């Protein structure tokens, strides 16, 4: 039963991801006084891409073609272990939060390689920058998550969230630190302003786009979709870890329904925040990014320490 | 006892014989035969001692106990292998025109003379004779040091002569004092006999004995090459013909140390204060460290290894000075392995110098490519002497360390420091010589490397396992010297 | 104890000891090689006297033999040989200027005192003559070394070396009525060979560095130029 | 039986060493064989035929080389068998050899710990024996002789086995030094290049210093042992005061750390590993460092008695330093083997960090978590042995085919060397600790250990360990970046040199087999970590005296060392998921054959003329890191522009980069200067003037006389 449910939940992830992207886009347009595309535009794009004939450079190798599938499945596996609307998630046991970070690592690893595969300057540039950013982001994210896992003394997301839920409304300084760290990391990892600009294709500033410059057709579709899922993953992580209220603990339909509503609400709010920040802030220079991320790293570490010293001390 | 007499007689004959025929073409072979005979005699002697314990000749002139008999065998053995090496070496020197027939005669006859002196030092029971023989050894070798008649060699020989002469004179004064002390307890004729002395050691006057030991130590210590009395040693080793260097550091130093240890045994019997031991330890450690540092700044390959001899003699002196069973056992073992290894190294060094036509370290290059046997011999010999297992030097050094940790733990770091410095110093100089490309115009030379192989194999064997008979032997000697067996 | 109480032998030995000590001081102060050698021969003669005296006083026959050997070696052979060298290398004219000789003299004096100080433990259990003999012997050894250190002429070194031998010999004779015969002979033989070798070396040295100045023999050193 | 296998491993490796000596004796053997036949020695025709073939001058060399490596392979197999059997049977085998000192024969002991390392070495040696023949095939006997190589390889491996077998300090030191010396000869094997000589010298000296430290450490323990015997048993039941134990610990850390390559005593490693032949550097980096680790564990956890948490802190700090330093320096290298050597430093650092954790937990009274950390350390050692061997052997293949080790000379090899590139990719993924590969599992365990910090009361530790975890996370991320760079620059993109263009896949089956073996193990262990961990359980029971908190949940499918709801990882399930999703999406999107993709030119912004000089090389790739972590290295960047006559236009630009190790400037060069300075001062004593020498002896005499009276 609950395996099937886990499957459904993962599907939900896949399906909702483009919607989230569209929602963010819509709000940005609104905030910038532009006419917004429909919320379903991302779906249309994906559909269009899957029906186009992909073009691959002569110099590309099998790795270039395999990468989109690897990235996509890595993201979906990541999605499958993150409690979306219910914490009673069997797949969560198969891979805990460290493995989740590992999934992101795989996707990044292959994307970077694929970027270098064709042998253009852009690909290498993108790969180099992506690895730099993520090198700084990954430890920060781990720190942030460890704060939670230490509090819950479990790296299993489901049981960790469950723990926070049981605790009820407790104000933890460590969680505040962790939350901010997490948000910064999420911005960096999903390639959002001020770290990266998903909309730009200006050679010198792009990071993520530079890697996937050579992709087209269904390959591009997979990658776009994967990054959409990634965005949603971070959103869900933030909202469900730090504001788990409303998430279902069992499969009672009513509970699930409310949980879904709660989730959509939380995500929507987060997305609005994201849109606002992206509108308000300007993209920063590449070599300011490390300050941004080391700040995140610091926050995560502070969260961890404050948890160890203030809260868990006996 | 006959063996002992034959052992002494043979070299005497040799002196005369070679003085007459030393220039004949195949004379090297005969020299080998003489030494081979001596080796046989020494084995025979060892067998006797092994069977029937300590031997004392009538009239108490000669004494052969487990201590000196093993040194006798060692001496005879190294003497033989060195003569095997010296045969082609000397031929090469003659072909190069560096030696005239007259000097060849001198060389071979003095070689035998030196061996005779060594055997006499070891076999005699009379401290006076021991002194005489020691001096005789100097006199025999001093002309060989200046064999090449270059200004350097003459200078070296002169220093060797004067410094050792003065030193040995001091030893003589020590002997006089010893005799004077012994006069109180024994009749004039036997008063210098070691057997007599060791028996009544307790009755000797401690103050006099201490003073006499100081003289002995400074005197024979000059010959051992203890810092700061060592200055003659590198010169003499580097300037003389290489076979001489081999026997000098393989044998002469050992026998000088032997003399000191004999005296120490008497003094220990006399005084309760371990003054002799402390003095030896101090000198030993000083020599060990200073020589190890000197290794770092050598330009001459033979000087390099003579300093390493100083270093190792220092270590032995230190170990004997400690005087615990462990350390004594270790010192005996170290004496053996050092003689074997060092003479083997000098063999390879001699050939290396002939290959390159110089002793300058920075002119000797790429030996392994030029003549692999010599190159590898030198390299492995150096490994052995630097105290890397599985060679015996490691075993003995390990034992010395062990003994030091047991009795004077705070001294161990110094020893280890010395070992490390020495290793670095040796290899910083050896590596460039053996490795690298083959320089232009370097030719392989006629070389007989069996001595090297035999020695190194023996050292390897001693490193892996000490044969029962030998260890019993060492045990007896240890008991003789330090009163009890190790463990 | 005053000297009157002592027997003739003791007095004689003591005075000879004093004279011998004097001779080595003379050597220390002697700039001319020929005179140096002469004083050395004189010392040898005194040594012979002492030996003979000792032999006479205690009817020890073999002391006469060693006296004879000493006479031949140290009074005639070696000085003669050295003299020959000096003439051959015509050094008989030049005088070695002694730097700060007074200091050397004072040093010598302190050495004598020092050797008495060193040997004072012996006093408890022995007669005055022995102590003096040993002390003089020791001071001879030390003075000989001092001589070698202060002079840079090879022949002077040889003389110093030989005077050290004299010191040993004196100590041996007087304090211990001579060593066993074998040892005596051995020593004598060594001294003889040594003397011959010195002769050879003078030739070699003077041929390699046409002088006998030991200070010029410092090719082999560890000081980087 | 176990012992027999263990000895067999040693004997076989030694015999391979001896066989190597025969390589130049072809004529002798052939004539001997002919003589024997004439004598009427009858052999079975098959054997005879083989011998005739093998002894023919043309074949002899390759045949003998194969034989030598066959011996090694068998040695490896028997080592694997004995290691496994001792691990499974969880027994302790003892023996004494008639070698050594009269009163201290060589004591031999094979227990789970040494058995585990036996297993590691066995695997590595087996792989190397597959790899070797192809690698050394075309060695010119004159230039670099196989005699030396084979001889010392055999001795080296035998030495490592003996270190594991040793059960008394004397035997241990002999085996240890044997290992060091043999590997020294292997480092100096191609001694025509000055760099190799320098590396060999450095290595030898540091090995000697390390050995000295170890001897001293043993001596400290022996000083307190009952009957001053040097057997490990005697050590085991001596208990030292905390001070002395700490002294011994520091000595051991120095000695073994110098061999293991901890920062800042690692400098020999990046010098020595690149210059040795590849399969040797594979052994040195993949295995010898583990032997050092073994020595350290044996010394600290078993012989030294009670663990102090301060030691754990020391390990934590040093380990963090090494792991970060190692990976940072690795990123800046462009010589592949040098890079790998530095990454070994990193991995060793990680291992020591986790060991430190387990020490801390042990002393704080949480043995079950200590066991977890201990296993994480050992498991990482195992994994590192696997993938580092794989990487070095892969480097060997590449050097063999491309004739270069500079990664900026390569590129595009993924098309020219398909098999090697795939296997190398596996290695890169393992070392970058991506899920489904073995590197990830040990890192996961390490994190699990660090996350159990809240059981500790000591506030210092509570705040220190998270920092260590942070360092660990950063290390992992950097490693991923580093190896993306390596793989991308070497295998992807356009060829960067003519060598790379001409490169082609190796034809030698053995080499590929060795690589595939290791790669397969990396993947297998990554997917089914349970099997290794259940083996490790016995080790930790023996050393720590405690098993995992939750052994039951460790099986081939689940990995939940602490408890299922606290942390769990089911690699097989993940694998299934990846295959499922990937397969489905692939099938779904490719079903329409009309949409088969088409190949065209790379997009070049419409300018045209993309060439291989336009793509990123490793220097460019690492530029952001150089900017961000500038103070980590001693960077010496030079950019000189030649401006052309047209103003504000650069006609030619040249960029030079020199990356140096801080430790040289601050530690090693001063030491050398010091020694030489002292030597010069002491040299002044020996002026060459005889009168001064006489004065020395005079003064000495006076002084001593004054002393005694």
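Each chain gets a letter, A, B, C and D, in the order it is written, and its residues are counted from 1.
Everything below uses one rule, namely that a contact is a pair of C-beta atoms (placed from the backbone, for glycine too) under 8 Å apart; a residue touches a chain by one contact, two chains touch by 3 or more.
Keep in mind the model is a prediction, meaning the values are calculated, not measured.
The greatest centre-to-centre gap from chain D, using C-alpha centroids, is found for C. C-beta contact counts were set side by side for C-D and B-C; B-C has more.
Put simply, the C-alpha centre of chain C and that of chain D have 70 angstrom between them.
If you average the Cα atoms of chain B and of chain C, the two centres end up 31 Å apart. If each chain is reduced to the centroid of its CA atoms, chain B and chain D end up 44 Å from each other. Per-chain CA centroids place chain A at a distance of 79 Å from chain B. Contact with two or more other chains is made by residues 118, 121, 145, 148, 157, 214, 217-220, 222, 224 of chain C. Annotation for chain A: no residues touch 2 or more other chains.
Multi-chain contact residues of chain B (touching two or more other chains): 158-159, 162, 166, 170, 207, 211, 294, 297. In this structure, the chains touch in the following pairs: A-D, B-C, B-D, C-D.
Only residues 50-59, 61-63, 65, 69-70, 72-74, 76-77, 80, 91, 93-96, 98-99, 102-103, 105-106, 108-109, 112-113, 115-121, 123-125, 127-129, 131-132, 134-136, 138-139, 142-143, 146, 149-150, 153-156, 159, 203, 213-214, 217-219, 221-222, 286-287, 290, 297, 300-301, 304-305, 308-309, 312-314 of chain A touch chain D when the two sit together in their complex.
Chain D meets chain C in the complex at residues 680, 682-691, 694-695, 697-698, 701-702, 705-706, 709. Looking at the complex, you find that chain D touches chain A at residues 411-412, 414-415, 425, 429, 432-436, 440, 444, 447-448, 451-454, 457, 459, 462-463, 466-467, 469-470, 473-474, 476-478, 480-481, 484-485, 487-489, 492-494, 564-570, 573-574, 577-578, 580-582, 585-586, 589, 594-605, 610, 612, 614-616, 620-625, 627-628. By the touch rule above, chain B contacts chain C in their complex via residues 126, 128-129, 131-133, 135-136, 139, 142-143, 146, 149-152, 154-159, 161-162, 165-166, 169-170, 172-173, 176-177, 179-180, 183-184, 188-189, 191-192, 205, 207-208, 211, 234-235, 238-239, 294, 297. Residue ranges on chain C touching chain D, taken from their complex, read 114, 117-118, 120-121, 142, 145-146, 148-152, 157, 214-215, 217-224.
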